[in-house]
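Just below is one structure, and these are the notes that go with it.
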Amino acid sequence: MDLATLIGILASFGLVGYAILTGDGASTFLNGPSLVIVVGGTLGATLVCFPMKTVFGVIGVVRKALFFRGLDNQKIIGSLESLAKRARKEGLLSLQGAGSEIPDAFYSTGLQLVVDGQEADTIESILATEIEYVEARHSVGALLMKTMGTFAPAFGMIGTVIGLIQMLQTMNDPSSIGPSMAVALVTTFYGALLANVLFLPMVTKLEQRSNQEVEQKNLIMEGLLSIHAGDNPRILVQKLSAFVPPSKRAGEAA
Amino acid sequence: MDLATLIGILASFGLVGYAILTGDGASTFLNGPSLVIVVGGTLGATLVCFPMKTVFGVIGVVRKALFFRGLDNQKIIGSLESLAKRARKEGLLSLQGAGSEIPDAFYSTGLQLVVDGQEADTIESILATEIEYVEARHSVGALLMKTMGTFAPAFGMIGTVIGLIQMLQTMNDPSSIGPSMAVALVTTFYGALLANVLFLPMVTKLEQRSNQEVEQKNLIMEGLLSIHAGDNPRILVQKLSAFVPPSKRAGEAA
Amino acid sequence: MDLATLIGILASFGLVGYAILTGDGASTFLNGPSLVIVVGGTLGATLVCFPMKTVFGVIGVVRKALFFRGLDNQKIIGSLESLAKRARKEGLLSLQGAGSEIPDAFYSTGLQLVVDGQEADTIESILATEIEYVEARHSVGALLMKTMGTFAPAFGMIGTVIGLIQMLQTMNDPSSIGPSMAVALVTTFYGALLANVLFLPMVTKLEQRSNQEVEQKNLIMEGLLSIHAGDNPRILVQKLSAFVPPSKRAGEAA
Amino acid sequence: MDLATLIGILASFGLVGYAILTGDGASTFLNGPSLVIVVGGTLGATLVCFPMKTVFGVIGVVRKALFFRGLDNQKIIGSLESLAKRARKEGLLSLQGAGSEIPDAFYSTGLQLVVDGQEADTIESILATEIEYVEARHSVGALLMKTMGTFAPAFGMIGTVIGLIQMLQTMNDPSSIGPSMAVALVTTFYGALLANVLFLPMVTKLEQRSNQEVEQKNLIMEGLLSIHAGDNPRILVQKLSAFVPPSKRAGEAA
Amino acid sequence: MDLATLIGILASFGLVGYAILTGDGASTFLNGPSLVIVVGGTLGATLVCFPMKTVFGVIGVVRKALFFRGLDNQKIIGSLESLAKRARKEGLLSLQGAGSEIPDAFYSTGLQLVVDGQEADTIESILATEIEYVEARHSVGALLMKTMGTFAPAFGMIGTVIGLIQMLQTMNDPSSIGPSMAVALVTTFYGALLANVLFLPMVTKLEQRSNQEVEQKNLIMEGLLSIHAGDNPRILVQKLSAFVPPSKRAGEAA
């Protein structure tokens, strides 16, 4: 897992746990019914929003986002540059076998379209639609996380209101008001915790991963179209140089 | 009904009901006047927003969203592929009767336009306008649900403020403060419950169904335009492959 | 007035009124100074936002939205169809007098442009600009309502804070705390009520009316451009069929 | 100043002042340190957001928005119409001196470009860029007001939290709780007041002024391009008629 | 550092510090565990959202935003104007060496593309992609600041809920309620302070810097394309005049 993600999750949960354990009434924070209301209500409302298929699909998207280690843009530019050089010297058909050495399906499929001699418009249309599809898949994942991040605090609040109503209705013993209100607040705590330590960060993480992946695929598409058009490899590198931060660019010879 | 939706609704209501029944003062939660304020106020405000015709139309949209089982994208691509093969061999007119075997009105209408020999621009314009219309219909449904999901908690809050004012104004008997505040909070509970277990999930569900339906119609339109242009069936399949997740794609032969 | 709007307003106000009258301390809810703060503050802040001319213009927009009964899209399609048939048989000039029988100014003006033999681009440009203008006028109306719907609760809250400060500052007599807090909460009540029963529903209503009117004018513009282009009346009907729900479409003969 | 703005500011401040003066504890509302926290904190945070140059520029934008009395669209259409008539009779060069009689810089500059015989694309590009720039300048002004309108209540809340912490920490004398909480709430009051009576209305006002100005410049640009293209003056008036409400249009003769 | 930023930060922190030091219980505000929960939780959640690389990259973006002193648009227009004059007299190749005297990498790279005789479309494509990249980099920085500005108050609230639960659970000694609640509120204070004095202002600041930088690069790109097209230097100045406020424009001779 990306080091930042691991540190982040440990830090958030750890600090909150520390605050709880070093204070009074730590046992109040472990409340089964409260957890069931918040987690169950959140999952229930989320299942109404999305079909089963989508929910399972998102598990895959989340796993890929947490553990996937993608290619480096710089390496891809290098790869495209050598393909461009080869094509200019030996023609497009010489790239016929190159696709098998490329681990990325989008890259190799696109290369095959170029080698097959498809029209530039067709290649761009097919690749662009694929990129849109990738964006849409990630987007549903982020939406599902955002939905859970909205419902968790909502059900936390519903749980607290239920607890308050129950406490106020039977407010006979003054010494029990405190502990009853404490328990009522625990669902709010769970809702806010799950939302801010788990769901909402995942939304941003999925959006960031999606942007990275889309940017990389756009890089590949631009490069393949450039090879298809027969651009000078130096122009290709210049066109693609915007995809890497200035400090990392290979020399931009003119 | 989609399994996820059923489980979701049962889970949400069930868990909340469980929390109420296992606690004190369960009877407080069944409060006629409170329910009337929240449900009546929500419906009232919603009826100001939308004409009667729209409100009735939404009932149909919701029913279709909960119970409709649409075609599978993979099957549609297969169907378009065989039509494309037939058209390349025997010409567009050979597809004349094919429309009657297709259950989907959008698909068969579009096919008829192709067989009739309409211009590509005209076909695209008609089908695209139809897709926009479908989107708009779903969009109104989602907007109506979102409106109800906003007004429910608002009227819940109005009800609670009314209750608090009434309680504070006649705050003679200290032992009645608790129960009076409990009753005042019940409208907030109803508002939050209806919004989070019913209306807001429906908003997302309608938006998801709309996206699915629009995506499928775009798939059909792309396919029909491809047949009309006389594309090689293999290119058609490749163009449409972005509409299904990678794991489910038929082999992408080059 | 549209039946739904009438029912909606009566229901919302009625239910809230019922809740107030059947509870204690009903007289607290009729508080002159509180009403003045909320209504006056809302109007004051709104007058800073918009010029006098706009505020008066919105009164007209609201009146039209509440009481206007527009043409039916189906009837308009029928009207355009017969004009198309006449034009194909007798030429565009034969439509010369038809404009006088049409009650809608946008429709008759557009028809006159077609009869005058203007370029398609010019007609589309003029009509499209008119549609944008209509949208903009409605949009300002919705914005003004939204502004009032935001300021009403804000001034309600300001009034409550003022009341609380006054109460806390002079908190000598414990038995007066309740009634003072009750009065302080009345402004919050007014703000939330005006926003949720009046202003916010009007925002959605104006947006819905605007969409209807814009959709209808787009329908008319599409139809007139189709007549201008000399389309077959059957193609015209098909192009415009997306503007009515499927259940209401005239037979779509090919 | 526009009459509505003046009435609006007087009304809002006046009503709030009335509510304060007629209640108890009026002196609590004049609290120097509270005012310093809210105003100082708001200005401080805003100065971090924007460079000094921008802050000063906004003062000019606000002044112009409050006191500027712009040209009337109807008059501008009349002016463009007579220029069009003159150009059709005597040629574009006859408009050479007309620019000096026009008070609006954008109008006269654009007219000069037409007289100079620039390409239509160049004229549109230059004028459109100028309109974008005007929009951007107004947009920064609205953003700055929006920023202040967000920070004012935020610092109001920070001040209240500080006050509450101070009060709770030294809660010895029960009779001082009330007044201490009252003082703590004063910052919330200031924040909400400044935001809702001053900053947020100014945001909408600046946006409205910007829309008016942009609409007028678009009107002028459309008119000049129409003159440049040699359109019939009647077509020019028709093209521009969408910029004025229907009730004010000059007769639309065909 | 820009003077406004410095004054802003000093003012905000200073005023809040003043409010704390002049009141009671100042020591309560320095609470280690509270600071750790808020800062640690915020950083933790943020690290889940963004990869390590991005977090480090943002540090550079922030530093540049605080301390960078960019070129003046007016000077750049002057520079482009003299290049245009030289090019019209001596041809594009005469600008060969000019790039070395220009400190801005984007400007000199773009100039080199013009001198190299690249197609206008290629130049625009390369420069526009570079501008998009700059926007994206700034955008991630603003997003990270916005994320921290959202999580800080959220963890402040979580900390307060934890504190309240702990206090309510062990509410034996009435005299300890005040101080316990005071400590519980301190995390809310930290969260709101960090968000409003540091993170949220930085979001706007980064967005403003980004707009400035993008505007300047667009200015340079427009100018270089104008030189490439061989425009009259006076037209070039007029085209670019929209990039500076009217009061600062060089005379617009026609």
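Letters A, B, C, D and E mark the chains as written, and numbering starts fresh at 1 in each.
Note that a residue touches a chain if its C-beta (ideal position, glycine included) is under 8 Å from a C-beta of that chain, and two chains touch if they have at least 3 such contacts.
This is a predicted model, so every value here is computed, not measured.
Undergrad: Any chance you could name the chains that touch chain C and chain D both?
TA: Both-contact set = empty.
Undergrad: State which chains count as neighbours of chain C and simultaneously of chain E.
TA: Where chain C and chain E share a partner, that partner set is D.
Undergrad: Taking each chain's centre as its mean C-alpha position, how far apart are chain A and chain C in Å?
TA: Roughly 39 Å separates the two chain centres.
Undergrad: Just curious, how far off is chain E from chain A if you go by their C-alpha centres, in Å?
TA: That pair's centroid distance is 24 Å.
Undergrad: Got the chain E residues that touch at least 2 other chains?
TA: Within chain E, no residue contacts more than one other chain.
Undergrad: List, in order, the chains that make up the ring, beginning at chain D and going on to chain E.
TA: If we begin at chain D and move toward chain E, the chains come in the order D, E, A, B, C.
Undergrad: What part of chain B is in contact with chain C in the complex they form?
TA: Result: residues 33, 36-37, 40-41, 43-52, 54-55, 57, 105, 109, 112-113, 116, 118, 122, 125-126, 129-130, 132-133, 136-137, 140, 143, 147, 150-151, 154-155, 157-159, 161-171 of chain B touch chain C.
Undergrad: Could you list, by residue number, the parts of chain E that touch chain D in their complex?
TA: Residues in contact with chain D: 2-5, 7-13, 15-16, 18-20, 22-25, 28-29, 177-179, 181-182, 185-186, 188-189, 192-193, 195-197, 200-202, 204-205, 208, 215, 235, 238-239, 241-243, 245-246, 252, 254.
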